[in-house]
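One chain, chain A, appears in both complexes that follow, with chain B as partner in the first and chain C in the second.
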Partner chain A sequence: MNASEDHIAAGAPLLDIRGLSLAFGGLKAVNEFSLALRPNALQGLIGPNGAGKTTVFNLITGVYRPDAGSILLAGRRLNGLKPHLIAEAGVARTFQNIRLFGDLSVFDNVCVACHLRTGRTPAAMTLAAPREDAPRHIAFRAARTGAHALLHMALTAHDLATVLLRTRRHLGEERAIRERALHLLSMFHLDHRKDELARNLPYGDQRRLEIARALATNPRVLLLDEPAAGMNTQEKRDLAGLIRRLRDEFRLTLLLIDHDVGLIMDICERITVLDYGQVIACGQPSEVQNDPKVIEAYLGEPMPHAE
Partner chain B sequence: MDGLSVGSLYALIALGYTMVYGVLQFINFAHGDIVMIGAWLSFWICARLGWAGNDAPPSLARAAATLLFAMVVCGTLGFLIERLAYRPLRSAPRLNILITAIGMSLLLENVGQLPIVFGTENQGMPGLLPKETLLSVAGVNITLIDVLIIGCSIALMAGLNHLVYSTRLGLAMRAASFDTKTASLMGVNINRTISLAFVIGAMLAAAAGFLYAVKYTNLNQPAFPTWILLGLTAFVAAVVGGIGNIRGAMIGGVLIGLLEKFGTAYVSSSFKEVYVFSILILVLLFKPTGILGSARVEKV
Partner chain C sequence: MELLATRARDYRPPTWLAILRGLLGPTIVVLLAVVLQRYSKSLFADEYRVWDDVLLKVGVNVILAVSLNIVNGYTGQFSIGHAGFMAVGGYTAAFLSYYGSFALWGDTMPHGGFLSCVSEPAEFVGRFADTGDAWFLLVLLAAGLAAALAGVVVGLPSIRLRGDYLAIVTLGFGEIVRVLLDSTEGTLSAEEIPEHSWASRAHYLGGPMGFFGQPFYTTHFWVWLFAGVTILTAYRLKASTFGRAFLAIRENEVAAQSIGVSTTSYKVYAFVISAFFAGIAGALYAHQLGNALAPSELCYQKSFDVIIMVVIGGMGSITGSILGAVLVTALPEWLRQPTHVWHVGLAMILVALAFSRFRVSRTVVLMALLTAALELMRFLSLHYEVNLERYRMILYALSLIAFMLLRPQGFFGVYEAWDAVRFWRLRPRGKTAAVGATP
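Entry: the complex of A and B
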């Protein structure tokens, strides 16, 4: 922990992505993508449809494994880790098409994500988590897999035992989770609907619940994938306020995808523009706005000049 | 009464099918064999500890110890089966893992038959519990064993209900069963959750195996069709209750048990399986998602 705090203090980026590439067959979905987010930054990621924006999110959160490149969070390598360990490390996200647990109550949706922060020590799991960096000798790999399975079995038994025996610590943890979830729901004005099934919420509430759920994992970096999709002007204005508030109150670092370029220009300090999987521009809104490459990507070929 | 006690056994077994289906959408055909292993392990430990003789006095403590032993060993076995046989196939097409499950089922039966394991002889389970008839009401005999079976099943199911609906492990399980990928992005350790479903399922199956052995005392050899049928009937119970639904499995189990016993008593015992499987057909025809399953309408 200390090492990573020192790292931040030195002015280094919190999230540092370098040379990230991923190909689906012959299609280079993301090509040499680089991005550096300073702590407490609010950055936008835009680009035409199919530019690879969501793929970048999927790479960061471990849904896909990159073919090349590295993702560092406060100096710690994230690529190659399983999604739940990346969430544990402090990266949370929402989804373009809402992916709440529809059959669970609003309250339970948030509780699920609170589980990460119950003071358990998964360090052993992280250490033993198989990585695919260096090809190692097969005996080494077999031994590591065996050790991992044993550890996994012990932890499964331990989980079951604490829950069945209702240890005081376990009951305390469960209470802490409930309190935290309620607190988050009230922040998002969803507390009065906490017992409804998530799928019965109106659309706008579902969007906000997704953000609340992501926050429940207590992230350092929050990735928002088209949070304004399907919202009207008033709702978008509220959302912009909410995003700014989140950044200040939770001291979050945010990366935001949206098709509403106006919204992004309005709230983001810096913007990265992606086209065909490549970064074509990166800078302050005013710089990006006038970048000929960006205009070309959005509007097509520039008109041939008469000269 | 008999129907209720058999039904609660079916319910215990059905829970294992339904939980695994809930998280993995796959039918663990080896689950019925865990019941057999549980029953045989109970016998094995009793024989080992010298509790097997006919003169051995019934003892509740010994019964509890046997039950615990069977549950712990089968829980471990369930964990290993998932880890070694199913996990490597997690991303393979669903059919592969289904066939593996059938293979695992045959493997368990045949390993069970090995002379160094349980052998191919039928055995008699020692009477760990007194064969007393507590009450006789209107021609219905209520035996102590039936009462204990029902009590034990209810206790286990209440425990499971608590685990699934009011603890964080259960919540993780329900979230994973709704959407595995999103659950993992919210920090749920999917592998652990899946292991847990297998371990709990196997423990309940072991309990059912133990109770079955205590009730019927005659233990057929490990690959005998009764075991397979026991597993299949419980599977039907899970489907009837709505597969993937835990409370549905409990209701389905009791329903199938009652149906089977009433059919046997009032119509004919040779059609025992017919009742069970005709219910399956009826449910599949008229309410394919089972009693508690809700049809999910796909939004366009």
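Entry: the complex of A and C
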């Protein structure tokens, strides 16, 4: 971990995305997408419908594998890793269409996300996880995968034993997880509804619960996909305050997609604008606002007679 | 160091407390099993002696339902191959106990003490436990491990499958096991055994006629010991990172991955844990007096029976699975000669009432109607000489259909019996409940 901390101290970006591309058949959904997030940054990602914003999120979190390009988190390569390993590396996200665990209680929704940070799996295990795209000799890859699987099995058997025998370790973890989940819920003013099923929460609470769940993985980078969708003005204002608070209290680095350009302009320090999978502008809100390419993307080409 | 990891270390309870807490459940299970074994014969009056046997069947089905619930209920993977795991366990156990007994003692009789005493009365005859008991315990565990191995074999390819496709794969697995067992030959007799090596004995598993000659070790002690262990395992899993990960996969796989749950690994874990207990249930089934350990008995029909138990109780609910196993096993037996209709009916109505916070819900009405219908039919059968026993499977099927129509989510839904307390606290009486919030 020391190497990566030095890496940050040198002023390098925490999340460094370079030349990311993905094509669905002939359609280039994302083309040469680059983005550098400094630690503690609050960056917005906007663009017209179908510009590829959510696809970028899916690429970062490993839902899709990029055709080209690299994603580095504190100098560590993320692309090629499975989604759960990317979560473990410290990237959490929320979803455009809310994906809560509807039939679980609000409390359990947060508890389930706490499992990554209880100090169970040695960091070396995750670091050594075989990548899907590692360009190595096939025998080497097979041996590595096999060794990893064996180690994984041994660790799992041990974990299962601690759970079934209710060892001290398990009891301590469960208590710590309960405490952390309650703490997170109270931060989001959801603690009084902790026993309700997630699907019975009102819409705004569901959005906030999803953020709380993402935070429970203790991420370094949080990706929020349209957190303000369907909210009224007052709720949006509260959300903006919440996002700022999250960044300060959790020392988070945030990347934010939203269609509410006003909200993005208000809270983000820098904004990247996507159109047809390509970055057409990047900079401070005021710069982006007056960029002719951005205006064109949102409003269409100026009519000839308007000139 | 992560904060949560430091906290988890700080919060570890003292060793003596952890041991006490950890031993509470197992102690209760062992005590219950011993008490049942000691008093099972005096539990039922002579005319209800058949219920002693039903009680054993209930125990085995509880193991099956609670273990299937881990895959179908917790993890939401629809498996129809549970009887296949049961067969793998059952035949492994029968093979080991039959041919193993012969190697150990030179005959294939039971060599157990009180724990495996099938004869009546089940009193302390001879020793409390004998070498046969130890051997049977080993056989049970071996059966579980063999089935767990089969669980890995089925679990691995099913990683990339879901829904109908997974169901087909598991169904196929069960059928493969059945066909393989069908192709074996009749069990070797005591004289023939020495002529065959261990490896070649595996070819003599009874064939379509079934495995004969294994010693009958299955008693209330073993059945309820492992039923208790299964329930305890399911309960402890549910309240742990494992169980929560299973449930997360059921609810939303993409979201589960996004919070760091390795969906592929956890699906295999669910299969392996579930198969382990199915194997033990199979072993107990194989050594029960009166059961036929035949491929035709352990085909998909049996898998569906177990699925019915899980669905009736409520997918994901441990107490639901237990209730489902009890109902599905006991109902057809009870319908042979329904007795105590009003007692049973009243008990069910009271439970249903308690769950709907003492309001007349659909379930309460259903229970009352069922009770009345049964009583009416009993009246008819008594006075018009209708042979109720002949129609019992129709009644059984009808009550299943009625139940599913009125309560598609199962008796307990996704909840446990003890969640009722939480609902009472959550919603004070008189306040309107959110749709679907109450079970």
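Basically, the second predicted complex is superposed on the first by the 295 of 307 C-alpha atoms of A that agree within 3 Å, B and C clash if a C-alpha of one lies under 4 Å from a C-alpha of the other, contacts with A are read in each partner's own complex, and residues count from 1 in each chain.
Operating definition for what follows: a contact is a pair of C-beta atoms (placed from the backbone, for glycine too) under 8 Å apart; a residue touches a chain by one contact, two chains touch by 3 or more.
All values derive from a computational prediction rather than experimental measurement.
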Simultaneous placement of chain C and chain B on chain A, clash or fit: clash
Which of chain B and chain C A:179 touches, first, second, both or neither: second
Contacts of A:115 with chain B and chain C, given as first, second, both or neither: both
Chain B versus chain C as contact partner of A:169, first or second or both or neither: second
Which of chain B and chain C A:155 touches, first, second, both or neither: first
Larger contact residue set on chain A - chain B or chain C: C
Partner chain(s) touched by A:83 [first = chain B, second = chain C, both, neither]: both
Touching partner for A:207 - first (chain B), second (chain C), both, neither: neither
Candidates 78-86, 348-356, 366-374 or 420-428 of chain C: the single one with C-alpha clashes against chain B: 78-86
Those residues of chain A which chain B touches in one complex and chain C touches in the other: 61-63, 82-84, 87-88, 92-93, 95, 99, 101-104, 108, 111-113, 115-116, 118, 152, 156, 159-160, 163-164, 173-174, 177, 213-214, 216-217
Touching residues (chain side chain A, partner chain C) in the complex: 61-63, 82-85, 87-88, 92-93, 95, 99-104, 108, 111-120, 152, 156, 159-160, 163-177, 179-180, 195-197, 199-200, 213-214, 216-218
Residues of chain A touching chain B in the complex: 61-63, 82-84, 87-88, 92-93, 95, 99, 101-104, 108-109, 111-113, 115-116, 118, 125, 149, 152-153, 155-157, 159-160, 163-164, 173-174, 177, 213-214, 216-217
Sites on chain C touched by chain A in the complex: 1-5, 7-15, 18, 21-22, 233, 236-237, 239-242, 244-245, 247-248, 250-252, 254-263, 265, 269, 273, 316, 414, 422, 425-426, 434-437
In the complex with chain A, residue positions of chain B that touch it: 76, 79, 83, 159, 163, 167-169, 171-172, 174-175, 178-179, 181-192, 195-196, 199-200
